[in-house]
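As structure tokens, here come the structures.
Below are two complexes that have chain A in common, paired first with chain B and then with chain C.
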Partner chain A sequence: MPLLLYGVTEVRGNVLDLPTGVGGAQVQRIEVSGLSCFYSLNSTLSGIPPRESALQFHGVLQAILSAQDIIPFRFPTLVTDAELQSQVQEHAAEYHEWLARIRGRVQMEMRIEYRDLEQDSAKADAGEVSGTKYLRARQKRLSMLEAAAGVLKSKAADFIQGWRQRSSSDRLRCFALVRREVVADFRHRMGSAEISSALTARISGPWPAMEFFREDRK
Partner chain B sequence: MTDHADQPSKDPSPAIPDRINCTPENVEQGLARLVLSLIELIRQLLERQAIRRMEGGSLSEEQVEQMGEALMKLEAKIHELAANFNLTPGDLNLDLGPLGHLLDSNKR
Partner chain C sequence: MATPHNIVFSDTDANDETSLLDILDHVLNQGAIIRGNIIISLAGVDLIYLGLDVILTSVETALKHMRIEPPAQSRRS
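This part shows the complex of A and B:
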């Protein structure tokens, strides 16, 4: 029966109660190359609505993350037992190194969006603005997003051990690497940050610090 | 700032993918999504370049107007085509797995 993979952690941590996994399957743990690998036996995921199974998967990750640092696998990763062993053995050194590097740290996400995006798009789609106005508005939007990110970053600079930004034309996602014990204080600081009323910002987390893992692998 | 401590965000985890799902029934939509995503990527790159040139003062007012109008019309056309395939602008920001999302630019 295929194994649905959730993630790998260091062996040192303890998840006392292994949660129920996707489709009600029990999450199990196996040690490979000094790492704990979490999986469940799922013959198929086809009977479960994608959103529901994704949320169940997410719930397992959060349960593990609440106890220890984790490198999640993409969902759905279905492998055989032999494939699990070879995959983890092949990347064990990389996993060990990264888990040691982010030990005790989690990722917080701040998503900043432009409030009147739909209204502006509708005007542009209808050709109600000039080309110059359109371009100036885009310039202003980008600079407002950048400025807001700067405010958030400076508000909790002493907590932040890593920072990444991903921007598109209408939003900015900021990722902060923080120690677990300062998550509540970090939230509080972010909550008191003052940004432009034309923007909305929301904070979520803690998440596995994958944004930093991705960057480091490039 | 809104706090979403216990709720997964729209993009709840890097581990949850958003893949192009090409089946015989929706292959046209999948293909349109891929093509329009690439066009939107190029449009956004052009837009950023135009803004940089505008900020640098290397464009005349007439050129700013022409570029802005072209980019605006292109965006409107992309939205129109996307809607024809039941796609939203957000659907064009493909998840490239470990590389992030197609339309996101990275900054450390």
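This part shows the complex of A and C:
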């Protein structure tokens, strides 16, 4: 029967009451190469609406994350028992390195975007704005996004142990690595940040620290 | 310059559509990837060793096409 993989943690983590998994299947744990691998036996996912199964999957990850640092697998990762063993053994050194790098920390996320972006894009699409003007405006918008990211980062600088950001389509996505115990304080600080009224910053987390498993290439 | 309502919080428990989008983005687009080949069953017929990428692609595509409305109102925590 296929195994639906949720994630791997260090074996040394806190004891966790195993939650119910996707489709009501019981989440189980197996130790491979010094890692705890969480999975459930799912003969098929086809009977469960994708949205429901993805949310159930997320629920399991959050339950584990509340107790331990976790490397989640992308949903849905279905493998056989033999593949689970071989694949985790193959990547064990890498997983141990990642977990050591983010130990005791989680990822907070900030998405910064313009409130009126769709209106501007519609004008550009309708030919109401020249190409040069549009590009200049876009450059200005990106600068404002960067400035807002700077404000958010400085607001909680003493909590932030890692920072990554990515821009895409006039939006900026920022990731902060923080210790578990300061998540509430981090959110409080973000709530009092002041950024341009033309922007919205959406704060979410804690998430598994996926953005920080690998060293920053910069 | 600043307004009190342009910093919003999105929870990780899918209580609103914004949170749902965040969650789907994380579980579908982030996470470690390992390769596996497995027999899956659709409509009672076993399909022989589909590549995992095929399964991933089909589910992601399905979710992208799911109708998810933008949030009517985000809330502060």
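Annotations
The working rule: the second predicted complex is superposed on the first by the 212 of 218 C-alpha atoms of A that agree within 3 Å, B and C clash if a C-alpha of one lies under 4 Å from a C-alpha of the other, contacts with A are read in each partner's own complex, and residues count from 1 in each chain.
We take it that contacts are C-beta pairs under 8 Å (C-beta built on N, C-alpha and C of every residue); 3 or more make two chains touch, one makes a residue touch a chain.
The structure presented is a predicted model; accordingly, all values stated were derived computationally and were not measured.
When both complexes are overlaid on chain A, the residue A:Q165 reaches chain B alone and has no touch with chain C. In the superposed model, A:L142 makes contact with chain B only, not with chain C.
In the superposition on chain A, A:H58 contacts both chain B and chain C.
Residue contacts after overlaying the shared chain place A:Q87 against chain C, while chain B stays out of touching range. After overlaying the two complexes on the shared chain, residue contacts for A:S197 are found with chain C alone; chain B is out of touch.
When both complexes are overlaid on chain A, the residue A:V79 reaches chain C alone and has no touch with chain B. Contacts of chain A with chain B, set against its contacts with chain C after fitting on chain A, overlap at residues 7, 54-55, 57-58, 61, 72-75, 109, 187, 190-191, 193, 195, 200-205, 207, 210.
Looking at the complex, you find that chain C touches chain A at residues 1-3, 6-14, 18-20, 22-24, 26-43, 52, 55-56, 59, 62-63, 66, 74, 76-77. For chain A in complex with chain C, the touching residues are 2, 5, 7-8, 43-44, 46, 50-51, 54-55, 57-58, 61-62, 71-80, 83, 87-88, 91, 95, 109, 115, 187, 190-191, 193-197, 199-207, 210.
Residues of chain A touching chain B in their complex: 7, 54-55, 57-58, 61, 72-75, 109-111, 121, 124-125, 127, 129-136, 138-139, 142, 152, 163-169, 173, 187, 190-191, 193, 195, 200-205, 207-208, 210-211, 214-215, 217-218. Chain contact summary for the complex, chain B toward chain A: residues 1-5, 7-9, 12-17, 44, 47-48, 50-51, 54-55, 61, 64-73, 75-76, 79-80, 89, 93, 97-101, 103-108.
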